[in-house]
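Got some structures for you, see below.
Here come two complexes built around subunit A, the first alongside subunit B, the second alongside subunit C.
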Partner chain A sequence: MAFYAPTDADQGIIQKIFYVHVPMAIVALCGFIAGGIFAVMHLRTRDRRWDMRSYVTIHLSIVLAVGVLLTGSIWARASWGQWFVWDEPMLVVFLIVFLLYATYQPLRFSIEDPEKQSRYASVFAITAGAFVPLCFGAVRMAENLTHPQAGTMTTSGPSSVTITFLVSLVGMSLLFVTLCRYEMASKNATSKLRSLRRRLAGDDDFPLPAGRSAAPQL
Partner chain B sequence: MSTIAATGNNYVAAAYLVFLFLVLSYLAIMATKLSRIERQVVEISELVEARAASGASERAKEPVA
Partner chain C sequence: MRRTVAALLAKDLALELRTRESVPAMVLFTVTTYVIFHFGLDRNSVDGDLAAGVLCVTLLFAAILGINRLFVAEHEQGGFDGFLLAPVDRTALFVAKAIGLFAFLCVVELVAVPAFAILLLGPSLTQALPGLVAVLLAANAGIAVVGTLVAALAIQTRARDLMVPLLALPLLVPVVLGASRATAPLFAAGGAGALAGNWMAMLALYDLLFALIAYAVFDFLLED
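This part shows the complex of A and B:
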């Protein structure tokens, strides 16, 4: 799909990296915000399924964020001659957001009580989720930007660039939703199996899985 | 000029390969988890069937009044 769009006159072929890098970044950031919204629902309803949704969304967004950092570094190396530019606000803010969310799994894992684990994780997801639009809003309002903006990319180029970008964005969003549902189904099945094992262990020495997990317990 | 274009192609290929690698790794991990779930389901269903069979044989041994 990326090769349907014409080659950029300014950047050349390396501009095609944006068709994977930018949708990944947008979907990852929206995923972090969605994780915060699911966490609000969890605290409001005390329904563990919302905690599971929040956990899975954040988990998958972290995976995408790794992809954003790697593809962004490749583009920066090709365009600027450096893997990472420390005085570029967009890059540094994304790295900070990624590092913030990198503490989410260890935080969950460090809390043994499942009730406390889900509550503390929800508070973290809400705070960090609110931090994401604030940070990127501040960066967008700042002056002297050198990092290309997604808005200028789609409005300044020909319509095929816009179409390619939008198709990439929709594709990435659908991939994200599909993988989220896949992981959620897997986690639900694991929880159901665990409860079945517990019921069987009630009158038998059926072996129960040992150890704690960062994933929510339904 | 062609060297610059070739280098650009390499960077684009590397970026798309990173994305592909991430998605495939994720799917491989999920497939491993899925096969573990399948093993556990088989294990539990075998246990339930064994219990049902032993329960039926014990009922058959009981004297009829």
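This part shows the complex of A and C:
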């Protein structure tokens, strides 16, 4: 799909990574914010399913964020000549947000009580979810125009660039939603299987499965 | 609410005055860090954005020490249970702790800033002082709000001392950014420049936003 758009006159074939990198970044950030919104719902309703949704979206957004940092540094190396550019606010903010969310899993792991774990994880998700837009706003103040803004790049170019970009954005969002549904289905199946086994074994203190997971238990 | 906050605050201040646990350690830490910076940077005096960075980073790391200790007494001595049994608004604990941390940071800075001027700062402090006080007050408010929230989050985890810096440092990056950019012109080598107003506005916005968020979510950290 990315080959439908004309090759960039200035950067050549490497510019095609734009159609992966930017949608991935947008979807990851939206995923972080969505995780925060689900966490609000969890604290309001006390329904464990909201905590599960929050956990799954944040988990997958972290995976996407790793992809964003990797593709971004490949692109930066090719077009600016350096793997990481410190005077570029977008990169730095994305790194900070990634470092913040990297503590989400350790936080969950280090609280034993499942009820407390989900409550604390939700508080973290809300705080961090509000931090994302604030941090991008703060960094916009120190505006530096090395980083191509998604807006300028798609509106100033030919319309095929816009179409390609939009299609990749929709594709990435659908991929994200699909992965979320898969992970959610897998978590549900695991917990159902466990409760069935517990009923079969007939005792209440059935041992938890080996292997640690910080995922919420339904 | 106001009486509860006053009671909790008086308790914290009395505890700190008697045990002298957090503030002396934080002060000692800042002075030691200046010495470390002297050798690490191999400079006898610093000015401009380097001076602003050294001061802000030192104060931030000193604040992390205070944040680590913030709820330890409550956690170990059963203060949380006692507070939850009392028929008072839970947010009072947040307000009291945040004001307490703010006061601790101010006391630390009363020593840390003159020490910085004597040990490392090249240009004179007197010209920069009014602007510096404003920046530090705004930065302290941000650190106090975020620090209290993080301390309450981390106190229940197994690896508390590890979680506090991991959670607090990324959240406090905007404070360091705003404070160091706002103070950099004050420490300029050729005499103090004007305070950077837009960075002050950013700091104030950050303080306000996080105060609101922390106020909204703090209740959920306290139920058992």
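The definition used in the following text is that the second predicted complex is superposed on the first by the 206 of 218 C-alpha atoms of A that agree within 3 Å, B and C clash if a C-alpha of one lies under 4 Å from a C-alpha of the other, contacts with A are read in each partner's own complex, and residues count from 1 in each chain.
Keep this in mind: a residue touches a chain if its C-beta (ideal position, glycine included) is under 8 Å from a C-beta of that chain, and two chains touch if they have at least 3 such contacts.
All values reported here derive from a predicted model rather than from experimental measurement.
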Open item on the list: Under the stated touch criterion, which partner chain does A:V123 make contact with: subunit B (first), subunit C (second), both, or neither?
Closed with: second
TODO: Look at A:P106 in the shared chain and tell me whether it touches subunit B only, subunit C only, both, or neither; answer first, second, both or neither.
DONE: second
Open item on the list: With both complexes overlaid on chain A, does A:F131 touch subunit B (first), subunit C (second), both or neither?
Closed with: second
- [ ] Pick one for A:L43: touches subunit B only (first), subunit C only (second), both, or neither.
- [x] second
Open item on the list: Looking at A:T71 after the superposition, I want to know if it touches subunit B, subunit C, both of them or none. Which is it: first, second, both, neither?
Closed with: first
Open item on the list: Quick check on my understanding: which residues of subunit A belong to both its subunit B contact set and its subunit C contact set?
Closed with: none
Task: Residue ranges of subunit A in contact with subunit B within the complex - done: 2, 12-14, 16-17, 20-21, 24, 63-64, 66-67, 70-71, 74-75, 77-78, 175, 179, 182-183, 186, 189-190, 193, 196-197, 200, 206
Task: Partner subunit C, residues of subunit A touching it in the complex - done: 43, 96-97, 99-100, 103, 106-107, 110-112, 116, 119-120, 122-124, 126-128, 130-131, 134-135, 138, 141-142
Task: Touching residues on subunit B, where the partner in the complex is subunit A - done: 4-5, 7-9, 11-12, 14-16, 18-19, 22-23, 26, 30, 33-34, 37, 40-41, 44, 47-48
Task: Contacting residues of subunit C [partner subunit A, same complex] - done: 149, 153, 156-159, 162-163, 166-167, 169-171, 173-174, 177-178, 181, 198-199, 202, 205-206, 209-210, 213-214, 216-217, 220-221, 223-224
